[in-house]
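Should a chain be cited, it is by its letter among A, B, C and D, assigned in written order, with residues numbered from 1 in that chain.
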């Protein structure tokens, strides 16, 4: 319970620091029989990786993933799948100032208080670089859910700083660097980001994620509800400060007649609940939304203290995302996929679908 | 991992249905030596219990708690503390209609889909009655945190339907039936609720919770962050649809210069982060906010289907809260206390403070 | 992870002290639909309860179990089943001497060192009285396994002190107070126990347990093997000092040609492995054996120290079992049942068998 | 809970197959500040690695370990430590026969039944090769326990097939290929193994492990006792069929006067309990013993079936250990170390000892 594992039946154990030799994870609990190659995982890694546009960090990482175990003749075997991503661009620089200073808004201060020691190079373990691991593990969950249930998990940028992005189409999402579901707004987003970058400041964002074709009955009452586990997984993403399911905070001002989703023999008439009732999936789309804070790594000076407790002024140099929300869409999708897959396996068992191809030995007990 | 336990070091395992013989829990992991009586727990139970004003359900439950184990000569021993609350007012009525129908917005449909069987009396396990157990367990955590660290955990109603409640003072909270931190607004809240009750409708609410004097260093990276575990615990409360830490969704439109909390030798200059950086407590106040949906148990008719899949019209009779948010403040406080205590014990160990009163046997290994 | 819960999918959380108000447990994860009454559980409790012969403790406890939750209209619902057993015979006596002294061979010293406080009445939490809870929870597992797979779980006394008990028949087991599978040896066992009681001493025992008609494929590699989890569960029983699976320690002197169980199209030709290969059940009978130490509660004086560290002589008065192994058979059966059921649910899921009686809403995602 | 993680506070998650690209693990929960290099781990890996004498498998693996994360400037940081060992000698051969056949005594049959697919090359995940990972993780635990408490963990071969090895000295253990604590018996062991190898057969072994200078108070009642967790960890080692704590099965024939360990102000007078009372460490030496079965990979033919259910004769070729017990001593030591460290952290917390070097910010809550 050391905090680097998520899931109880589909378990992802993450490791690695931003400027260490490698990052990676062990995915334990994937059912046997899934066709899986490194390419299946690379697709999502490439959607998240740095350096893909001028609006994100210019760190150069190919984020090439290697599958170390758990796959045999192209198929998963039910044993742990270890994924390894070597760090490539740990730029050599002078870290002595960072080593002595707590950057405001960063985890520098809390890691040092908690552990009495910290890897100050690039944020170490608290770096958003760790999220590559989530995307890699999530790609496995996405593929399994899609093959088994036809589940489709997608996300998009719903707001960038002050700019609300109206949903137009899923097709638009892949056509711009922002995961914006609206081609017409891209120019405005680009202009805003260019100005922000010149200013040396950062800004927040809102990401929405949706899962379609979700099995009904997922989620364990009372504490391990599907929505509670989703809130945990999404809030565990770096920089997330809020999570909503369905109508979220809009529910506060709603009346019962408005919020409750009526049923007919043809199905539900609305989805204010976001596909979850009593903590259990209804079979409707799962709808979740997250708030991402503006990153604290900015060029504008801020007040802080150093290890000696003296006041200092901090300016963050280096290669940073002025809006970490821009690359957050694949990460939020991954966390949604991981939670859904975990709950499918809790509900149905890891091997509930296994049917051995030949008859068992006579006299053996039935499966 | 069947979902009815929360916590990894301070573990609360809940049981009981709304109209069964009893509800209760086992609290495992409370350190030894805490002075504890049933009265300590009853205080918070009485704040949550039904029937305390005309604005909440009129079900009559004394919610009297019995400590069955784990306390010896008035002090906790480190062994599990079992708490029992007998149900007293399971009104006898005809449940045949509810048994055949899925009430819209309720967990009737999902429980039935998940389990193929459901306790339809009063919602069974999905009833908000289960939250009494959380409050009881939370009272232990509150007391321990207060005695050990001076931690104070409090909450209040921040919004009721359309009415935003400006924070005025903590003193005001105990003086009204709404946990409103503002004496001047109580008449408006009462009038709103009276009208709502006459209308037969329900409404949502927002609750804020605050923990003061929190130890620094709580929270495990990367997944079991303090904020992620808080999001899990708060989202696991019945009817919660959104969770915010610190500035929450307001962070979306903020810039980095605004959001990051600067430090000086005298302390932090602001608390946009809500007391958590990189998933670890900073020692500042923990700030969280939740959105509670309007309950679906209303007198106004709604469309649904029955077990045969035929369309029906559902009207909920019986004793229900027109705003479950009104009684939610002690519940949210309890979940915050449980999560904080769990993380203290993860960080420091359950017996890190135990110092035996006499010297160990010579030759024994040191503790 | 406070140590009072066993299982990951079928979770038993135990509470209660020997001389407190009650003992009990919460059984979380039992699949829905199992017909269950208190009588089903009472059968096994009565097999273990004290006072049933002159060879066991004369404490008078009816061990009457109450089901507090999780059962509706006579069937389990999938929600937690809370079981309560009130203590009835907490004989009032002077505990001041025990409170000041560490009885040799007991947990007095270790509890005090660990917690700095201990419930010294009747051993508190370390008392064998806690095993009633295991038997109650195990009765549910036994019933479910039997109904679902026809699994039969039985145990017997294989050795009492120096007396080896040759297995004759399962029928004999129920016909004597020792769970001896051999009617002809009962007189010898009785004579031995009578002499032992007069002497004021105690003795050890060996219990064998067997599960027949076990599903193949149970057990998770690498750490949570079925045999490893069985060893954990059996070694967790009070006074157990050794666990064997299959041939156990006899394997040390065996050769590969002797130990390996050959297969034919008609099945395995032997069962040296005890029904487990690579940590996974083969479908053969599961065979396990445990060593139970002689209880340390004896009338013969022993040297110890008191809280002040001074030497004292300890004589244990009161009502104790001269051979705790005599009542251990139902306990070992229960632990075997709990582990098997846990692994069935890990393998197949808690609700893998649920088939809803009517078609889901059109357009809903498949289960 | 997919079974490839052991520990709750000191968690080892293992991955890798015998003939895949690599094996390794993630060690999560190691406290910050431990000086750690790959060489510290390599020492124990070299004690276990194949090819070190003619009595073990001739597979050529350097078992070179790489630390991928969690260590900064030569010290652990409290974040996950990932360890990687590349497989080097996956001899290319024809596996078609093994792919179609279930070798008797192996996990071939159970893996195939469980997963419906198996990695048949060298046993895949069920291979004893996985134990290298345990030794690597255990080396970290050993070092930490030794630095923090002076704990020394050692093991030795107590019996090889029919040959009982009398304990003579710890010094002898390192001087022979068998980990035998007795120089005088080595010639007999060598002669026995040479004859066995010529015969093409295999044999079992008994290994004893001892931990000295163990903190008192480790172990959680009731289920997660130190002895129960030790039994789990030791039984999880490939080929182990029995576990004893202290006197183990000899306790069966003992009387209470013999078994109970008396106390004096100078300490315990004996250690029949093996250093654990009521599931909690006494501070005495921890004593455990395991039975290892003869490996089933032998050159002598055995009956089995193939995938089609037809009878076949199986002869195992390739490079195998005729007695897997010979290399098991470091593995048993590692598991003992892992369990002890896990329980220290459960008892005291992962960061209970962290003391930050400079004063916290004024006004911050105390740690």
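Basically, a contact is a pair of C-beta atoms (placed from the backbone, for glycine too) under 8 Å apart; a residue touches a chain by one contact, two chains touch by 3 or more.
This one's a predicted model, so the numbers in the text were calculated from it and none came from an experiment.
*Asks:* Could you find the chain whose CA centre sits the greatest distance from that of chain C?
*Replies:* The most distant chain relative to chain C turns out to be A.
*Asks:* Per the definition at the top, count C-beta pairs in contact and tell me whether A-D or A-C has more.
*Replies:* Spelling it out, more C-beta pairs touch across A-D than across the other pair.
*Asks:* Indicate whether more than half of the residue numbers at the chain B-chain C interface occur in both copies; give same if so and different if not.
*Replies:* same
*Asks:* Distance from the CA centroid of chain A to that of chain C, rounded to the nearest Å?
*Replies:* About 43 Å, centre to centre.
*Asks:* Taking each chain's centre as the mean of its CA atoms, how far is chain A from chain D in angstrom?
*Replies:* Distance between chain centres: 36 Å.
*Asks:* Touching at least two other chains at once: which residues of chain B meet that condition?
*Replies:* 1-5, 8-9, 14, 79, 113-114, 125, 216-217, 221, 263, 265, 282-283, 305, 309, 346-347, 350-351, 354, 360-361, 367, in rising order.
*Asks:* Can you list the chain A residues touching chain D in their complex?
*Replies:* Those in contact with chain D are residues 1-5, 8-11, 13-17, 20-26, 28-29, 32-33, 66-70, 72, 75, 77-82, 84, 112-119, 121, 124-125, 305, 307-309, 350-351, 354-361, 367.
*Asks:* Going by the contact rule set out above, which residues of chain C touch chain D in the complex?
*Replies:* Spelled out, the residues of chain C in touch with chain D are 1-6, 8-9, 14, 102, 104-107, 109-111, 113-114, 125-126, 130, 159, 161-162, 196, 201-206, 216-217, 219-225, 227-236, 238, 240-265, 269, 272-274, 276-283, 291-298, 300, 302-305, 309-311, 346-347.
*Asks:* Where on chain B is chain D touching in the complex?
*Replies:* Chain B reaches chain D through residues 1, 8-9, 79, 149-151, 213-217, 221, 263, 265-268, 282-284, 345-352, 354, 360-367.
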